[in-house]
Amino acid sequence: MLGALFGRRKPALSQAERFAMATQLQLTWWRFKRHKVAMVSLFIVALFYVIALGADFLATTDPHATDARTSYIAPQPIHFFEADGSFSPHVYGLKGVRDPRTFKLVYTVDPSRHVAIDFFAPGYSYTFLGIPTTTHLFALRNPERGDGIFILGTDQLGRDIWSRLMVATRVSLTIGLVGVSISLFLGVLLGGISALYGGIVDTLIQRTIEVIRSMPTIPLWLGLAAALPNDWSVTQVYFSITIIISLLAWTDLARVVRGKFLALREEEFVMAAELAGASTGRIIFRHMLPSFLSHIIAAVSLALPAMIISETSLSFLGLGLRPPAISWGILLQDAQSIQSLALAPWLLAAAVPVILVILAFNFLGDGLRDAADPYG
Amino acid sequence: MITFMVRRLLLGLFTVWLISMLAFAIIQLPPGDFVDSYIANLAAGGATVSADEANAMRKLYGMGQPIYVQYGKWIVRVIAGDLGESMEWRRPVAEVIGDRIWLTLLLSFAALLVTWSLALPIGIYSAVRQYSLADYVFTLVGFIGIAVPNFLLALIILYTAFRYLGMSVGGLFSAEYALAPWTWDKVKDLAWHLPLPALILALSGTAQLIRIMRANLLDELRKPYVVTARAKGLSEMRTVLKYPVRAALNPFASNIAYLFPYLVSGSIIISIVLGLPTVGPLLVRALIAQDVYLGGAIVLLLGVLTVIGTFISDLVLMWVDPRLRHQLD
Amino acid sequence: MVEPILSEPILSVRGLHTSFAAQEGTVRAVDGVSFNVFEGRTLGVVGESGCGKSVTARSILGIVERPGRVTGGEILLRPGDGGAPVDLLKLSPDAMRKVRGREIGLVFQEPMASFSQYYTIGNQIGEGIRLHLGLDAKAARERAIELLDMVGVPQPSRRVDEYPFQLSGGLRQRVMIAMALSCDPRVLIADEPTTALDVTTQAQILDLLRELQEKKGLAIILITHDMGVIAEMAHDVAVMYLGRAVETGPVRDIFRAPRHPYTRALLRSIPTVLAKPRSRLPTIEGSIPHPFNRPQGCAYHPRCVEIIDDQCRTEEPPEAGPETHRIRCFLHGGHKGAVA
């Protein structure tokens, strides 16, 4: 039966089946489209993934480059016009001033010096989909040392928050995707097995789920994450963290899958297929799976934000990803103390995408669920 | 009923066992053996340990023996109440943890109460007045509650209070009581400080439970027994409160059981942001500093207490559900 | 079967309309239903699934759920003291609540789902008693025990403290009847009270209903799919099709000489009236149209084997026939051409 579950052979679709499948997803999509908030959320989520893809292109400065002189520079707007009204995008330059009391050199904005901005201009080098390039959306034309486009200000080490935020978006959003994929795999596998076999296997899996659900997850994550060796590379830590998070997150998906499997097994069309002599594999993959695909999509879009919160929380506590990796959690780590927040409130900038994305995913998942199951 | 209880109890014991293994793994995982790092730690502080002493320690902790023997020795000592030494604090773990574990539970329990008392009425209202203005408002607030991770909420509140009210919120005690022994005044001071963190901690769970309650109640409102109750001539209010709400309470109550571990988890993070004297900050520091016995003990204690909490809510659930109560046959 | 003497009806439904406003359009679930219910007599309401039987019952009690609404007609209830009939649709919500359970009791098809599983049956029966008769908890419990005894529940003083899930299906339906009769209503609406039960239990429940009717002079509206049950129980029949009563009259007349083609098809579909009391209606040729696209003209015309001509397809047949036996079909009145 397991062999059947993983489809040793792919049965071809009959015309009628194809139509029945298309209509199920199609129907969901039609109902979904009526849900305005969910549509807007879909757009926002898509936008964020576009940002994730073009993170380096949107960044203006090397997100790892530190410069003591630009420490805690407040957000600098881009000015589009000169005083005479001519169009010439620019930012103000920086100048060093000696503090009259401490005689320390501090850098402040110098509104008299305009540094011009070019679009599609060269900046630090990076690779886009494997192609090395230096082109960015915008960059300074003739920067002096320390000049930069600080749309969201800088942190203590003088790194540009906007650029860091772009790269962090990529990390945080993909970690969610990878994590959900693992959870989804575990959830469908274990939930499906649970429903198909029933009996002792089902009991075992259900008890496991209960056990996991009755443990406080964060201390466990923290413990496991802390046990990762210090000398691991960023990538190793990244994958380990993803796996740790998804190991505890598959339970909800497994419950959804199991419930749907059980309910569907009783449905007429499945019985009809059974009577017509279709094989188990065919029934699962051609009849059952398509009819709850939309439920799975909905469950996934509700699981994603939970993943993102998990990563952000772990990294925020210093036990998730570690610098030099950049993620939303790591950016927010700088905002942990009220002292630095009081000095540089813009350090909280990363909170905005976190909230926005999680909100959008929740609305999206809700809309999808309603559309998939208008009467459930 | 007995079977149900026994099953729950066995499951709880199994969970505790699993957690103890994990806690032990946390103690064992870091490279090198604990005695080495302990000695290195002492040496860094200027003290020395003779080879004999080191060997005695190794023997005490069962090092060099198979891992299950080590686990056995550790668990026996833990059951006897000896949680080991904190490396960083150079004091017994139990002493370091002290009141913090109870404050953690107090905070989680307070958040649980807040969750209950907000989610229940709001959930009922939203379902009965589905698509009303208030329903939309609660739904929106609920979504925001779900979307803002509670550490971020704590951070934002902290900053706002500091920036616009000039207040430093946070902590569970005023400065003069923080280290003082327990007195009536200290309890009052705690009661004064508790609501804000409890509310912050409760928000996302409340938001989720409102949605669960609303959905359940909407389901129940469609059931035939509601029509029966109306057909008896009961008022709408009475009908709803006595029958469908009662039925919707059940899945709600079982969600509460799972809420407790969730709140304990959350309390760790917000404690760090708000500087609360719970085990949260201690745990994170212990883990970062690889103070393994302290970290392991906290994970173990939190796990065990959560399992007990869940078991208690299961018992409550069983007590309120006549179907479970009568499953004697 | 004893034929009680006809008098003024206790309950008279006149031109009842109830519709559900859905996103996709309005469903006219009940679309002009009229019938009379008399003291000590049973009115059987039959028709295929979805024809509006249950909605009619709920409309009478004023408990149609949203988005449904009674949009027209009259429901006249003759008060117990012999005064002028009252239109239930014009009553205030408070006054209407005093009718529910007090004047009109309701029994449902699904005895399991119709009880809450969280309260004892004594609690659920006693509730209406305390509300309408003003008894205290103890007296209500006593009365609940009496009622359970009356409907034939063994060991009533023990059963009263049990939960619905502890009873068998037949007992549950007895308890349901006890609950509906707890305040001595004069009208009992039984919406498919036996569908969920096995044959023997079904017969027992029907016997119980008949017995209670004779003892208390109850007027019963018995909703069913089952022509066998009608033959056994009812004095009068209302045959419903797509929200309308297409034929109403005494059961003898209708069984001896059904007039409406739909009634004839229904009766043809049972081999012998009493041999198979539990048989469901075998499908009549063609399928029931979706409520959204109710056919033009006579709603039954797509399936009618006796269809006359285009008038059936374009015009709605009016109610015709003698005062006690009304029919909506051009075969029996209102046709422009000559009908044999």
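By letter and in written order, the chains are A, B and C; residue numbering begins at 1 in each of them.
Convention: a residue touches a chain if its C-beta (ideal position, glycine included) is under 8 Å from a C-beta of that chain, and two chains touch if they have at least 3 such contacts.
These numbers were taken from a predicted model, which means no experiment stands behind them.
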Touch-based graph of the chains, sorted into line, ring, star, complete or other: line
Chain pair with the most C-beta contacts: A-B
CA centroid of chain B to CA centroid of chain C, Å: 55
Centre-of-Cα separation between chain B and chain A, whole angstrom: 26
Of all residues in chain A, those that touch chain B in their complex: 207, 210-211, 213-220, 222-227, 229, 305, 309, 312-313, 316-319, 332, 335-336, 338, 341-342, 345, 348, 351, 354-355, 358-359, 362-363
Interfacial residue positions of chain B with respect to chain C in the complex: 222-225, 227-235, 242-243, 246-247, 321-323, 326
Touching residues on chain C, where the partner in the complex is chain B: 58, 61, 63, 65, 97-102, 105-106, 108, 110, 113-119, 127-128, 131-132, 163, 165-166, 179-180
Touching residues (chain side chain B, partner chain A) in the complex: 11-12, 14-15, 18-19, 22-23, 25-26, 29-31, 143-144, 146-149, 151-152, 155-156, 158-159, 162-163, 168, 257-258, 261-262, 264-266, 268-269, 272-273, 283-284, 287-288, 290, 295-296, 298-299, 302-303, 306-307, 310
